[in-house]
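In the two complexes below, subunit A is the common chain; its partner is subunit B in one and subunit C in the other.
And now, the complex of A and B:
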């Protein structure tokens, strides 16, 4: 059995199946939806950071742009929710295209420019001067399309797409080429890899899933403000979850989200500042002692982790 | 109106360069992105608050206190965190995440001890030491109120903060170009491995730069309650982003470019604030991206740097 089939059968299918069944047995549907959203975002970060080495510090920009793409289509064109979700993905890709010049930057410069870009989109959307289009800082209310259970299953579909994408990257020559570019762009290009095309493809794929996730988030919550959907927490959480598990693997980001977001929900709501303290210490310990994530505990012993 | 915007922009800009210069020193020497920069500023503001409420003296006295305390804290922190980080595969990226964790810890601890309420210091308290000296020497009455520049009145704290920033940046210049440790620091900045090979104790130099960087951030923080109105434990995150915009404008890795970056940022900010106020928030980020794309090395690029 080829590896790709194994990965789909033993990671993707069980993950989707569990999250498809859970709403029937567990009452807190919002929590489940948030889990799915963060799984998508963490895998999106995995695609761009794990496979190309670009740290998207303003990843939430695509998410928020997707949410507002959805909102604008529903508010002004009364389009059905599914069409609007697809449009949200398109908005993510367009924003990604607009930001492709950022890929010329490297290291910390890219991370900072990406952060600035996401804040620029936030302030553009929240600008009172554009109230006619985006309702500015006053937030949008999309009661017409409100349907949390459909939105939940749409999110699952996007999760399946995203994890499928990572499985593809993990098992294809395309993914291998991307990792070669990450390690040494010059050598990779000597070996016949089209560096620019590869990077842009990964960047747009990662923007697409964040845009779709943003659109579905807008569909699910239906009432939100610019500060909600552009909250820097989305970028940070997605990055930390992905890193905690281990990037450039399929299972790493999934493990990261399940453990860390689980812990967040256990203690985060009652005493946020103690959680923040534990969280901060955890992140620092992670970087200092386990920079390759939890999966490196296994890979160090020579076990193969997909 | 234009004069007011320009002068206010320069005053704010000088203050902003003080905000950015510490961050830049740390990045220039260690290639480490200190995301906890804004949180150190926030702690500096709490030092000022402590000086005012406990001792009841001019918050200006908090400047040397904050600097010395955070110089020591920074040096200690360097030895705990950085050598381990430098040993990892991708220190520049991991530093972003490591210091994000640190900023969370600082914010959480401050919240646990100080609560989330907004705190401010009466602006007339700042600079009372000057008016007292003036009264002692020349007689007359202690006067408070705006300081007049070019026929326009500006709040006294703005002018004092800008003046302190000028002095601080001047001292950074003296440190880098007139002292032995500063020369070594510049050597490490331009080529870390060659500096190491020529027998420079890179860790010691870096620890000093890290301490000074944090000290400068704390000094900038002392003025934060006056420049931004009030202060909360959550202030750090926004301050960090603003500092980044300034540092990149001036060029990462060049502490003196930051002074220019700060002034450009301040003037642009005030101009947009005055004429197109609803777009003012957008400006720093667009400016940042444009500069990064058109002149990735900042206004004073690496080639121009005398190092």
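And now, the complex of A and C:
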């Protein structure tokens, strides 16, 4: 059996199946939806950071832009929710295209510039002068499309698409070439790889994923303010979850979200007074002792982790 | 010029500046198919810069590089690779976290347009990398990393191969062995340009050398003749030795 088929059968299918069944047996649907959203975002970070080495500190920019893309289409054009979600993905891609010059930077400089870009988008959207289009800082209310269960299944579809994309990257020469670019761009070009094209492809794919996730988030919550959907927490959480599990793998970011976001909610419910302390110490410990993520526990021993 | 010695590469009046420093100052030479050409000269004479311009890492500031009758100066590296130019690096640059096999697979998948790619396992075997094929490139020693650089280049089926100090750091047995491989590649019709400081190695494998100084050629011909040339002696050993 080819590896790609194995990865779909043993990772993608069970993951989607479990989250498709859970709403029937577990009542906190918002929590499930948040899990799915972070699974999508962590895999989106995996695509751009794990496979190309660009750390997207302003990743939420695509998410927020997607949410507002959805809102604008629903408010001004009365679009059906699904059309508006697709448009949200398109808005993510367009913003990604606009930001392609950032890919000339690397390391911390890219991370900082990306963070600044996401703040710029936030302040553009939240500008009172644009009240006629985005409702500015006053927030949007999209009661016409409100349908959390449809939004949840749309999120699952996007999750399937995203994990499927990562399975492709993990098993194709395309994904291998991306990793080659991450390791050494000059050598990659001497292997015949068009470095600029590859970086842009990965960048736009991760922008698309976050734009779609943002659109679905807007659909699900239906009432939100710019500060909600452009909250830096989305970037930080998605990056921390992906790194915790281990990037450039299919399972790493999934494990990261399930464990870390699970623990996050557990502490939040049981001992909220120590919440920040415990969570902060946990992340510090991981960065110090497992910088390559949980999967490195296995890869260090020579075990292959998909 | 007869058809079989028609040059595959012609470098004409090539100029490359870095700020105020002129690294290449009107460099002119050619290379023919099946020929091993040596580029020699003191440190800073422009050997590696010449290779970097020919392989597309830098765009020239003047002059031209003609490959297969097409001017290629300033063309992106990956397009030159598809045209049939490849190289190794003075400090080897493998994809460290990928396995040896994966390193070569990237070049096999992206390195050439049309034609049958060379067989991966045979290539690894030929260059003594079969035993480490599934190890990350970071685990290899420096000589093995150099061979991996070379195998990655060969996987793209180059017709012009640029070797930047491939021999430095190899032991005498490895030197003999790699010299044999290079000659065999040239015998198959490949044009090979070698940048090297080891004169014995250069003498052993090259058909012809170009001596560079301060970004231009000061001698062209056999290495044995070069060491008789007063100007070459002056550049390498200092003025008082040139009688």
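By definition in this document, the second predicted complex is superposed on the first by the 301 of 306 C-alpha atoms of A that agree within 3 Å, B and C clash if a C-alpha of one lies under 4 Å from a C-alpha of the other, contacts with A are read in each partner's own complex, and residues count from 1 in each chain.
Following the convention adopted for this analysis, contacts are C-beta pairs under 8 Å (C-beta built on N, C-alpha and C of every residue); 3 or more make two chains touch, one makes a residue touch a chain.
All figures in this text were calculated on a predicted structure; none of them were measured in a lab.
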Does the subunit A-based superposition show subunit B and subunit C clashing or fitting? fit
Between subunit B and subunit C, the one with more contact residues on subunit A is chain B
Thinking of the overlay built on chain A, is A:259 touched by subunit B (first), by subunit C (second), by both, or by neither? neither
Quick one: classify A:183 as touching subunit B (first), subunit C (second), both or neither. second
Should A:82 be classified as contacting the first partner (subunit B), the second (subunit C), both, or neither? neither
Considering only the touch criterion stated at the top, classify A:191 as touching first (subunit B), second (subunit C), both, or neither. second
Quick one: classify A:16 as touching subunit B (first), subunit C (second), both or neither. neither
Check whether A:90 is in contact with subunit B, with subunit C, with both or with neither, and answer first, second, both or neither. neither
Looking at the overlay, what does A:305 touch: subunit B (first), subunit C (second), both, or neither? neither
Between subunit B and subunit C, what opening angle does the Cα centre of subunit A see in the overlaid model, nearest 10 degrees? 80
For the combined overlay, can you note the least CA distance between subunit B and subunit C, rounded to whole Å? 10
Touch list for subunit A against partner subunit B, complex: 53, 55, 57, 101-102, 104-105, 107-109, 111-113, 115-117, 119-120, 123-124, 126-129, 232, 236, 239-240, 243, 273-274, 276-277, 279-284, 286-288, 291-292
Residue set of subunit A touching subunit C in the complex reads 173, 176-177, 179-180, 183-184, 186-195
Per the touch rule above, subunit C residues touching subunit A in the complex are 55-57, 76-78, 81-82, 86-87, 89, 93-98, 102-103, 105-107, 109-112, 149, 152-153, 155-156
Which subunit B residues qualify as touching subunit A in the complex? 27, 31, 33, 81, 84-85, 88-90, 92-94, 96-98, 100-109, 111-112, 237, 241, 244-245, 248, 252, 278-279, 281-282, 284-286, 288-289, 292-293, 296
